[in-house]
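Following this line, the structures themselves.
Both complexes shown next keep chain A, but they swap its partner, so chain B is in the first and chain C is in the second.
This part shows the complex of A and B:
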């Protein structure tokens, strides 16, 4: 899945400071046209910050981010984001929340109707179109956040710990649903997570961010077949990778060395 | 089986519990308090005071003859019409100026001091001046209602739209919202509970000040009737008008609470 020839996203020597605080330092990475890259790292290391820069919501202090060769200075229409905090508008019902981006882009009404209905169907929320966010469970709200991003048919999908605020069962269900959706229409994706399992399960590569300021400590290629289902989780290859990423994260740098593949 | 029997027990228990049915202690209390007050008033006036002083039975008796007059209905229409019109104009103006203050810092610098100073001032102090400027006519009443509503709505809208959460802003930017979309698509709806509170306050102040204008400038309306009836020593009729104003004020308050629930069902105070 990792076609290294065609990169959708390139991050080059990216660095960012918040006042005195050095958050990101010399980060370089790339994401292929239909590749899922997982990013793991300790809490507060700068994962959200990096994702916001890619999304055009924050600006770098140095370095460069390019999407399809275009420098990112503001949010681009070909990029969508699923937020850690859901970010649904409480005054809009589910349908209107999902239609939000298409309406802002003045898509024709029939097209909005069709695409929103498809997206709602895709994430399994049919029948809840008229419900308001406060009437939906956390898992349903995150599905809605996912549908709102997918309906834009983005070329790059940014996911910031999308399942971290959701109970374990729903989370597992959503992971496989997202994989199924991706199998149907593969796009470039960055998947930020705390959970090593999730990073390995979703990604074609796992990038480990660590340190202060954050830098890329390791990159692991995930050679697991797609489509992936539950059986992957118990395969030796999966368990082995999970172990490696664990060491990348928790071993003292230098002791076992930062290994970059 | 066990759950079934426990359900059967629950029903008669609920029936005998105070506070669950239509007539609750909480609802009964104000009725009792009101009745006691009315009885004391009635007894006292009958025993101690001259005949023309209003008393509850007199007011009730005065209702048919008062509301059968053309004067009554033209007064009600004039006062309520002016209040509703003033609230509409004042709310729209207050929302537009308020959202500009909330979203454009420089505009806020220019406006905020004066709007907040006027907001804090008891507007009734300005009533005589505004009557002089506008003239002894219904327009003065409309002007004062518009100002009474405009000020609180502008202040609450500014506060509500200034404080929109970063989460919503991020979502807006990510999906391509322009400034106009952020103002009217995000800032305003997220501020609706504040805005409705401002309109509610404006209503209360608007009613008070409209009545003040009617009395001070002899503008036809319920306030003027309260004044003239009382001068004619017809206190009972005067209080029929007061009663109508009270019903109107309470009705508006109830409607505004419903309005907020309808506009902002997610918001719980």
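This part shows the complex of A and C:
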């Protein structure tokens, strides 16, 4: 967990305040080159704000965020993000939404065509290229949001509660599809969620944030085998971890202290 | 039993809803309401006599005036004022609207005056305009624009101010520069607001054109209208009015089609 070059992302003593209000306090964490780190915490605890800082959308007041050794002061091209409410442009069809980032970079046309087609294939949206977002279900819109991020081949993928606005069945389906996609090409990922199950299922580590101001209350290592499939969810190890994270979240601090592992 | 009954009544209501909203029923309602209006007009016309001539008389007067008369030459004069007014409305309205929305300083400097001008009856400004700028084309354009620019100006400002943060975040994350932000986000987002303002302004520019022509040394269609009013020739006045309305309706319809094309991502059917 030190800055030895094996880390893609390092956050050191990150702090942020809006006026008098402390939002983030002394947060330190790191994400390995092909590691998924889940960040779980109650609504409004500042986990999305932390993610926005990593994405370069918000600026810290103190501390530092480095991605591949590069200080984050604005959005970096090696970082991509999937948004809670999809964030598709309603005036662009699905193909154009997914091609958006590559077009901004003036990638050659053949390359855009090839990479966008691959990404659409990967998330299972073939045949919907010409559809507009309002014609698609929430699940399909988020598949497009995922494709739009993946097509950039990011080195760090930021997931901001990506499945929280999607119905339960589709959410489960998408969780396993994301795991399948990640298995094919492991990428560093921060997965912000308020669902404990999801945090444990996705992560190699789960960081429990408590607010306000947001601070790291516990870090749990998730020793579940990959590739993970449906059977993981019913395994004793999974259930045990879910309980631990639950206690990290809801037990009063001081009862047995913040347990760092 | 109850469930079945409820289902049936729901399906019944659905069927009724579909029937009521069938295109031919809507078209029939439309035609019926026009026929009714024309019928009332015709009946009133027959009882009022020369002060309010019937529909049929009006239409034959209109036909005569189109064949030989001041209508088409008047239209040519008014069309020029109308065209210049609408062009200025769109150009200035959209540009100023975007500036107001994107620059707090410009908004602080100009916005109060815009709302004051919007609330002022432009007619009351006409004497001052004529004293300061005379009775010529420029003054007419000014009066006409003051009457008809605000829907575009206010629509564009409101639109550009309401761009959701998420759209801007997406643009930032994917590395958009300022020029790309305008092309991919701001302009497409504001287009529906601008088009709805432009549609209103298409109709209002007609009002503005006529008011300007009416009160600043009568000319164009307004002069033709005045010619009938002064001699209390209701057939003449109604014919000119119908003529102006028809043109306005056609122009608004064209605006509607342009809007549908530009924001087709909203109107396309589910498929």
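Going forward, the second predicted complex is superposed on the first by the 256 of 261 C-alpha atoms of A that agree within 3 Å, B and C clash if a C-alpha of one lies under 4 Å from a C-alpha of the other, contacts with A are read in each partner's own complex, and residues count from 1 in each chain.
Heads up, the rule we're going with is that a contact is a pair of C-beta atoms (placed from the backbone, for glycine too) under 8 Å apart; a residue touches a chain by one contact, two chains touch by 3 or more.
Computed from a predicted structure; not experimentally measured.
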Simultaneous placement of chain C and chain B on chain A, clash or fit: clash
Which superposed partner A:191 touches (first chain B, second chain C, both, neither): neither
Which superposed partner A:57 touches (first chain B, second chain C, both, neither): both
First (chain B), second (chain C), both or neither touched by A:182: neither
Partner chain in contact with A:95 - chain B first, chain C second, else both or neither: neither
Which of chain B and chain C A:163 touches, first, second, both or neither: neither
Contacts of A:152 with chain B and chain C, given as first, second, both or neither: both
Which superposed partner A:238 touches (first chain B, second chain C, both, neither): neither
On chain A, the residue positions that both chain B and chain C contact, one per complex: 52, 55-57, 74-75, 77, 79-81, 83, 85, 87, 89-91, 100-101, 104-105, 132, 134, 148, 152
Residue ranges of chain A touching chain C (in the complex, touch as defined): 52, 55-57, 74-75, 77, 79-81, 83, 85, 87, 89-93, 100-101, 104-105, 131-132, 134-135, 148, 152
Of all residues in chain B, those that touch chain A in their complex: 167-168, 170-171, 173-178, 181, 186, 189-190, 192, 264-267
Complex contacts: residues of chain C adjacent to chain A: 166-167, 169-170, 172-177, 180, 184-185, 188-189, 191, 263, 265-266, 268, 270-271
Residue ranges of chain A touching chain B (in the complex, touch as defined): 52, 55-57, 74-75, 77, 79-81, 83, 85, 87, 89-91, 100-101, 104-105, 132-134, 148, 152
